[in-house]
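Below, chain A partners chain B and then partners chain C, in two separate complexes.
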Partner chain A sequence: MSSFIVKKERLSSYLKRLADKFEVHVPVSKEGMSLFAPYQENLELDFGSHPRLSAKSFFLPQREVMLQYGTTGEKLQQEQAAAHFQQLLFGVKPCDARAIEINARLLADNCSQTTAQDVYFKTRLNTTIMVGYGCDQPGAACFCSSTGGGAFNTTGLDALITDLGDELLVRLFEDRPNSQKLVDRDLMEEATGEVLAAAAAIAENAEKKMSGMPELVKPESGDSELFQLELWEETAQRCINCGICTYLCPTCTCFDIIDEGSGECTTQSRCWDSCMFGLFTLHASGHNPRPGRKERLRQRFMHKLSYFPDRYDGIVGCVGCGRCVMYCPVNIDIREISRLMAEVGG
Partner chain B sequence: MLPASCGAWSAIVFLRIDVMNELQDQLIARAKALLEEKRVDAILGFSRGTLPMAHRPFWARSSEEAEQLCWDEFCLANLANFVPLNGEKNIAVIVKGCDWRSLVVHHQEGRLDLSSQVYVLGIDCDGMLDPEKIRRAAGGPERVLEVSCAVEQIQITTPDGEVTIDRVHAYRQSCLECIQRAPLAADELLENPKPHTFPDSSDSSGMESSDAGSREEVLKNQFKDCLMCFACRDICPLCYCTQCFVDVEKSHWLSTQASIDRVLDFHFFRAHHIAGRCTECGACETACPMNISVRQLVTRLNQDIKEKSHYVPGLELDAEAPDGLFRPSYHEHSRRQR
Partner chain C sequence: MHNPYTKYPVVLHAVTNETADKNMKSFELHFEHEDEADRFFQERVFIPGQFAMLWLPGVGEIPLGIASSPTERNKLLFTVNRIGKVTRKLHELPCGSVLGIRGPLGNGFPWQDLQYKNIALIGGGYAFTTLRSALVYMLHPGHRKNFGDIHLFYGARNPGMLLYKNELEAWVEHDSVDAHISVDTVGSSSWKHHVGLIPSIVTQELPEADDTVCALVCGPPLMIKFTLLALREKGYSPAQVFVSLENRMKCGIGHCGRCTIGKVCVCSDGPVFSMAELDGMLQDY
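And now, the complex of A and B:
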């Protein structure tokens, strides 16, 4: 692993030079809401706030055009969607980066258990560089360390930054070939052992702030027992079945494929979908196996906390970013649901 | 060492908590009595959530459960949306003025019979605060660790100290435009013991008139962050169609493709469906995860209706609504598909 120092006053020059090579996206706060935006000079960067949307949309955009087709004369013409420019996300939260690695298990065959190959996701995965920004201040709804991650977790990242006040420590991960593309010897200096020790102390301190929270793990009870819990009926009384939790969730990856247009030009695109929506499971026959709020709500938590770990080495389908907890209009809290699920039979 | 002003400050906090507790205590006492006397089977109110400013709709079914009811300036949802129709009939609902107005609209439209089906436990509301304004003042949503509200000021605990903002700057926009703080008719009304700090109803934030060209620009910009999560619809007490036009898959009223045109289609449709019915409670804006002023469209339509028909929704049980308003299709016995 190689580590470099970038002085904060040189950060904009550094980013500018990266932006010559890549499509750079940085977190920017506007009216109290932080979102990733294409890098431009003189943007006010906000690495401290937690972005409202996760990094998911850079790998699985809300709408991705897959194909356009139509007839000209008697022939059917079709055109595949074009490849895109290499993207660089600068300042990703470690939880969001870890989520991409979890999504890759499902979509890009990074796990022996699946054979799925999502070419769109995989292309973006291979061409996106992610530079993380260690979280020294966990937020009110954060629980990354309860899900197997951590405030300075490096999973899914090509590099991780530690904020040292006047300068930034950039640790490059050599097992990630793209990380070398981040080296800029004109603007970076090699980090000394002293700096590394200071950064390690900051990381350790941040992890300490997160300690003591209950783990989010797969409940011991069997699925059929969990399925019958009264908890679902009770929680469904206030669940409004909106898509906030699934759309803000960095590990929710469900989508629908839609063809729309006319004979001359039809666009096939895939768009985010949500297990909270009634149409999600509606069969052509009219039957809906998840007809109501209870069934849909139960599916979301059973998937995250039971089906997912069953399939993927015990890892829960949650990285503890806290977005669903923070923005749920009726305060449905996955930490509480997990605790109640674990209590059955225990 | 404590700053010199600290003593005075804690007195303000103390006064506030005291006053707030008084209303909440009253509420709990009344709820317990109603349940003990078996006047109602359940009370729909709020209980404290797992984060500051995140109270949740809550059904108290016993005197013990009634202890968990809470009331303060973060009872943001409109409980008219949570009144069950197929199950219990004999319930009490804790309502602010705007929530009551939504129940009145339900009554007018035949969704429920307000005089016999629901026991109205009204609250003389002093306005709810906007979590997003408080998050902004704290420097980001994740930095709000605790919020305590004094009469004049709101104190926010952040990881690196206290931040204070004036209460008048923390009110939710819809509350600043409120025209009816307490229900006009209730089975009982709990008076707010605290002096009103609430400014007089301010100008409505309805969409401004503009020429078609710039209007398109303005609207696209306003709704550009919309994710189409439909939380605005789902939290809305007036969006109670058995099947929403969004979910009609056969004739495809609304494309599922996320693009700004579809986003605007959705918001225009919805605004027209709730025009002249919407009581501008602001639940949609509070629920929106992207902080979009989704209410502005219907606020403008309501202004036009008021101007032309002298009609304001949800103020009188037997008022006649102007012709042409949307009427939801609701079938009591079929399960809501959305």
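And now, the complex of A and C:
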């Protein structure tokens, strides 16, 4: 592993040179929220805040055209929507990067039971460079270390930054070939052992802030027992099925496919969908396997905490980013649900 | 990289009205490109029991069980109820229209396990489509010797609602098929088959199970429920019965998240499940 120092006064020059080669996105504050925006000079960067939307949008955009069709006479022409420029996300939170790896298990894994891979997601996975920003100030609702991650977890990242005050330590991960594209010898210097020790102390301190929280793990009880808990009915009385948890969740990847246009030019697009919505599962016949709030709410938590780990080596479908906890209008808390699910039979 | 969302262009070749209420029509589609038909109909790629996504440009894409058999080379048949946005539009399309196909998708019936067995095909109503595929496949001279006796149970609300009327008589007369066609109510006095619900016809007519039998069941949820009870009473074990499930789907490849039942994905793990698998499934469908 190679580690470099970038002095903060050189950061804008460094980013500018990266932006010559890549489509660089950086976190900025806008209308009271932190968001990723395309890099421009003189942007005020906001590495500290937690972005409202996770990095999911860069791999599975909220809406994307998948295929374009023209029908001329009896011929059908189809074109796959063009591949985009190589993306570089600079300042991604480790939880959000780890979520992309989790999403890849479903959408881009060769070993899954279906051999189909999502070509759009997979292309972005191969071409996107992610530079993480170690969370030295975990948020009030953060619990990444309870889900198998951590404030300085490196899963899914090509490099990780530690903020040392006047300078940034950039650790490059050599098992990720794209990491070498981040080296800029004119603006970086090799990090000394002293600097590395200081960075390790910062990381350790951040982890400490989140210690003592209960682990989010797959409950020991079987699905059929969990499925029948009173918990779902009780919690559903509060839930309004607004879907904000699924939109903000970095590991929620359900989507809808829609056809638009008419005549000679039509497109097939997809957009995020949500298991919180009744239409999600409604059959044409009128039958709905998940007809009410209870069934839909249960689906979300059972999927995250039981079905997903069952299929994918015990990994829970939650990275502890805390967004659903922060923004749920009725204060439904996945940590609490997880605790109640774990208590069953115990 | 292969894009699983790319469609094979197909042309609507013929439309047959199937039922007296005119809500069920069969659509015969032909591939525009020979090489794509070859790929679709490749042996062990397309097997009866699978489904495909049928796409109407600018309208939408829907999952449909494939009603034709792999032995009916290049003829792709779907029998479709007029019920939603896409199927309404499909029912109005003129022959010659260009559509798109993705597939074949899903696991299909477990043909390895079915070899040399006596097979009961049990279907009700609209869901007989993939059983037609299975029956035509087993009756094909190239496959006939791989299967024992065929017991066919097929029921509809009334004689007018039976699908594939042109073929039904031939199946009934076929030496290899022990056919039991049934309707809930008879419209005319010329009806010469059973009257009654499929589960009770199965109870009356299907021989007791031994280790040489397997049953394939397709139908509406209530019919499936009572047919499975009847089969258990006949001594069918959970590993000898296979059921095809349906759920709303968009992608057909296990990604979009809506056809799941617990940790099972109907499109990519199914749509065909053994009764043993069904017994272990959550009641979320």
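Rule of thumb we're sticking to: the second predicted complex is superposed on the first by the 337 of 346 C-alpha atoms of A that agree within 3 Å, B and C clash if a C-alpha of one lies under 4 Å from a C-alpha of the other, contacts with A are read in each partner's own complex, and residues count from 1 in each chain.
The definition used in the following text is that contacts are C-beta pairs under 8 Å (C-beta built on N, C-alpha and C of every residue); 3 or more make two chains touch, one makes a residue touch a chain.
These figures come from a predicted structure and were not determined experimentally.
Of the two partner chains placed by the overlay, only chain B lies in contact with A:238; chain C stays clear of it. By the touch criterion defined above, A:67 lies against chain C but remains apart from chain B after alignment on the C-alpha atoms of chain A. Once the two complexes are laid over each other on the shared chain, residue contacts for A:258 go to chain B and to chain C alike.
When the shared chain is aligned, chain C comes close enough to touch A:106, but chain B does not. Judged by the touch definition given at the top, the superposed model places A:192 against neither chain B nor chain C. When the two structures are aligned on the shared chain, A:40 is found in touch with neither chain B nor chain C. In the superposition on chain A, A:282 makes contact with both chain B and chain C. When both complexes are overlaid on chain A, the residue A:117 reaches chain C alone and has no touch with chain B. Of the residues of chain A, those at positions 256, 258, 260, 273, 282 touch chain B in one of the two structures and chain C in the other. By the touch criterion given at the top, residues 66-67, 69, 71, 74-76, 78, 80, 106-107, 112-114, 116-119, 122-123, 223-224, 227, 253-263, 266, 268, 273, 275, 280-285, 287, 289-290, 295, 299, 302-303, 306-308, 310-311 of chain A touch chain C in their complex.
Interface residues of chain B, counted against chain A in their complex, comprise 49-52, 54-59, 76-77, 81-82, 84, 132, 135-136, 139-145, 159, 225, 227-231, 233-235, 247, 249, 255-259, 283, 286-287, 289-291, 335-338. Those residues of chain C whose C-beta lies close enough to touch chain A in the complex are 1-7, 9, 11, 32, 55-61, 83-84, 87, 96, 98, 100, 221, 246-248, 250-251, 253-263, 268-269, 282-285. Taken in their complex, chain A has these residues touching chain B: 29, 31-35, 48-50, 52, 62-63, 137-142, 237-238, 240-244, 246-248, 256, 258, 260, 267, 269, 271-274, 277-279, 282, 288, 291-292, 322, 325-333, 335-336.
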